[in-house]
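Just below sit the structures, each encoded as structure tokens.
Below are two complexes that have subunit A in common, paired first with subunit B and then with subunit C.
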Partner chain A sequence: MNQVISAYSGIKPGQAWVNGGIEYRDENFITFAEFIKPFFKRLNLGYPKFYKMDPLSKLGFIASELIFKHIDLDLYDKKRVGIVLANSSSSLDSDLVHQESINNRSHYFPSPSVFVYTLPNIMIGEICIRHQLKGENAFLISEKFESSLLFNFVNELFLNNRVDVCLTGWVDLLKEQFEALMMFVEPTGLAITEENSGMLLPFSEETMDDLYKKM
Partner chain B sequence: MEELIEKLKREVIEQLNLEDISPEDIEADSPLFGEGLGLDSIDALELIVLLEKNYGLKIEDPKDGKKIFHSIRTMAEYITEHKKA
Partner chain C sequence: MRPVYIASDNIITSLGASTFANMEALKAGQIGIRMTSDLNLFPSPLPLSLVDSELLEEQFLYILKYYKKNVGLTAYTRLEKLLIISIHDAISQISQNFNDPGTLFVLSTTKGNIDLLEGRYKTQFQHRRIYLWEMAKTVGDFFGFANTPLIISNACISGIMALMTAFRYLRMGMYDQAVVSGGDILSEFVISGFQSFQSISSTPCRPYDIGRDGLSLGEGAGTMVLTTGIEKNSGSLVRIGGAATSNDANHISGPSRTGEELGFAFTDAMKEAALSPGDIGFINAHGTATPFNDEMESKAIGEAGLLESPVNSFKGYWGHTLGAAGLIESVASVHALQDQMLIRSAGFESLGVSEHIRVIAANEKKKMSSCLKSASGFGGCNAAIIFEKDNV
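For the complex of A and B:
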């Protein structure tokens, strides 16, 4: 069975795009928080839980929302929507914040809301909660973006009939360095509509490498 | 008491990252959980940390939490009562 990428999004410092078109641009920011907060507000999602997420989850959440603006999830069985994400820094950004809060034994106040984000797959949980997705999911760690890792994992899910569609990608963030590439993968037959027939990309390592290089 | 209530509102907003909420939006007697501010279980833990960090108060029996954290006013009453002791 062949799969296609029916939507994709990317975020890097200063800009974000969806399906190849620029979605948001802001060069006048210093911190990730200064970049992502106005971007979130502009999306007008009305989802206050966003503010409680750690930076990695915020990045993944926004990248997924950019895709779901173009995908009608109600067309799919939510128990068969998979999510496979990867990065290199795991949840280290939040791990360091947590470490800082427990360094001083005489001022020992670890924050529960920071601690819950000391696992990278919590980001997947945030996306699932938002859209009530209950399919297979996995978070993979690799030193750098590796299209073969994502491709093989997602392909196995399709081959073993574990998912109908799958959100996959790379979401990495550490100490103000961040990048996200997210793709929605589905079988050819499901995805083609009159509206998007010219936009579909073959789901392959080459396509993913190409999209990542364009970031 | 009213001064403490206003201080607590600001502290709760900061501690729980309630970005779009201002102190004026929080009624002192409104429930913090459920239909009130819609706080969750992690927020409950953060409130426990807030009491300990800012007021030196430890909640010994978790069952007391429901009563103490019912509203901003019940939190203020608990602080006032236990700070005096």
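For the complex of A and C:
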């Protein structure tokens, strides 16, 4: 085993987890917006750019912040931090908003602030901007969560010596359906600190499947 | 690690449905961007590069017969037809079997079947066809590819990223060969979006020129078949030398102010290929002709020590084809390298960027063994890939 998962987070309607423990719970919401806004406030990040993001980016951003609470990114060369994310519905949630704005020629109001989010990798850009991460990045699509898709891609980044560490995960959102699983992958030697020494998980398809099932 | 060679390829754009037709058009200086009035695309006339619909339907009908598919033309979307024609052309040039598990299928697109969101297709296709995985599966199943398609949707660097991913998987031995295809169509969705950014020029785009004022949009598809079944230095084929991506971490819809990040993608790709700037015969850059993109690229070229390398952009011929651009333009770059030819950067007259890059102003023969292709896109992403020819 060359790499380990040194931190992971998960978000589903009503709940969020970090490293296996419940981080946030709120069952009294109806929409994604009602769920994510108080959650963001609770995190106390002081990052107003969050409010400009589309729902998919908000979900991925918060899932990554939950991890970076436990990882000191200053320990790494930021040109060598990779991000590899995937989902099923791409940016369809924002695509529908943009399409709505052009459906009626007499009420035609396409907006650049919506259109820019009609690409799923914008979420990666938002995470990169927040932490000045400049390494390899990729957005992949599969019908369902596929650990092999992410594992193979990230594994090749390590084998080809293109990253020192890598954030990877699944962030899917369409209307009020959403789920996020985010993992931080490091070489075995780098990762061990006092805080996490007991909870490093082997970076493998089995671990990722297991974390996804437990969400 | 095994060398990864390009075994065959295809380009479909406004300039033709084969690599040959497109290369002949580029060499002859033909521009595929035309003033277009189509109310399904945009309320007022715009310069666009569109694939001829009649040619597309004609070719697709032929392919349906060739593969003995008992379905009508309406069973596939415009993008699926483009991709299927492109892949058919590339794989039919060589005799390999493509239906075994050793064949990887990689597909790059930004918006897939986005036209299906428009009301006019509502009854023709099932709702799930809007999903990129369903579109990719439809294309893969047409040819009977054994593996689930690997789908890359990473803005305008998708095409290069698809090639880079296949290159990495192949050279480490995960697969023996790969069909790498990319495509995007022009739709009201995409045109209205770029127009809302006020980034579309009212004339065919002019990359790196002092008078450039925005991009031209185009549509198309491109395919490369990559193989590991060839010994190094055994022929005149071109192989992939190295590739890298990076992120600006600066702005989601504007490029880096310094070009440093694209610059180190260039440097990383050269390092992987064990080449130095003096080895790069030419750079086929992204060159969208927006003021900021081209300026950033000139700085990146300077950062990477590549100011001596000739530079061109193909966007002046067939516009910005988004998720197809990396594929289409890589194919054209590989053929320019094989033909030992620097192709004029269409729309360029006088330099309008701050670094003194050497934009190719006229076609020219040049002895060279490698070239570099790059792209940058929304989300701050950058990509670079190097192609090498063994026997020059």
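One rule holds for everything that comes next: the second predicted complex is superposed on the first by the 214 of 215 C-alpha atoms of A that agree within 3 Å, B and C clash if a C-alpha of one lies under 4 Å from a C-alpha of the other, contacts with A are read in each partner's own complex, and residues count from 1 in each chain.
Just so it is clear, a contact is a pair of C-beta atoms (placed from the backbone, for glycine too) under 8 Å apart; a residue touches a chain by one contact, two chains touch by 3 or more.
What you see is a predicted model; the values in this text were computed from it and never measured.
*Asks:* After the superposition on A, what does A:P48 contact: first (subunit B), second (subunit C), both or neither?
*Replies:* first
*Asks:* Classify the contacts of A:L73 with the two partner chains as first (subunit B alone), second (subunit C alone), both, or neither.
*Replies:* Touch partners of A:L73: none, neither subunit B nor subunit C.
*Asks:* Which partner reaches more residues of subunit A, subunit B or subunit C?
*Replies:* C
*Asks:* Thinking of the overlay built on chain A, is A:M215 touched by subunit B (first), by subunit C (second), by both, or by neither?
*Replies:* Touch partners of A:M215: none, neither subunit B nor subunit C.
*Asks:* So in the superposed three-chain picture, is A:V116 touching just subunit B, just subunit C, both, or none of them (first/second/both/neither)?
*Replies:* Touch status of A:V116: both partners.
*Asks:* Have a look at where A:I124 lands relative to subunit B and subunit C in the superposition and call it first, second, both or neither.
*Replies:* A:I124: touches subunit C, not subunit B.
*Asks:* Where on subunit A do the contacts with subunit B and the contacts with subunit C coincide?
*Replies:* After superposing on chain A, subunit A residues 110-112, 116 contact both subunit B and subunit C.
*Asks:* Subunit A touches which residues of subunit C in the complex?
*Replies:* Counting only subunit C, the residues touching subunit A are 43, 110-112, 114, 117-119, 130-134, 136-137, 148, 150-155, 161, 165, 168-169, 172, 174, 188-189, 192-197, 244-253, 261, 264, 268, 272, 377-381.
*Asks:* Looking at the complex, which residues from subunit A come into contact with subunit B?
*Replies:* Those residues of subunit A that touch subunit B are 48, 51-52, 109-113, 116.
*Asks:* Using the touch definition up top, name the residues of subunit A that touch subunit C in the complex.
*Replies:* These residues of subunit A touch subunit C: 78-79, 83, 88-90, 92, 95-96, 98-99, 101-103, 105, 108, 110-112, 115-116, 118-126, 128-129, 131-143, 146, 149, 152-153, 156, 159-160, 162.
*Asks:* Flag every residue of subunit B that touches subunit A in the complex, lowest number first.
*Replies:* By the definition above, subunit B touches subunit A via 16-20, 42-43, 45-46, 49, 52-53.
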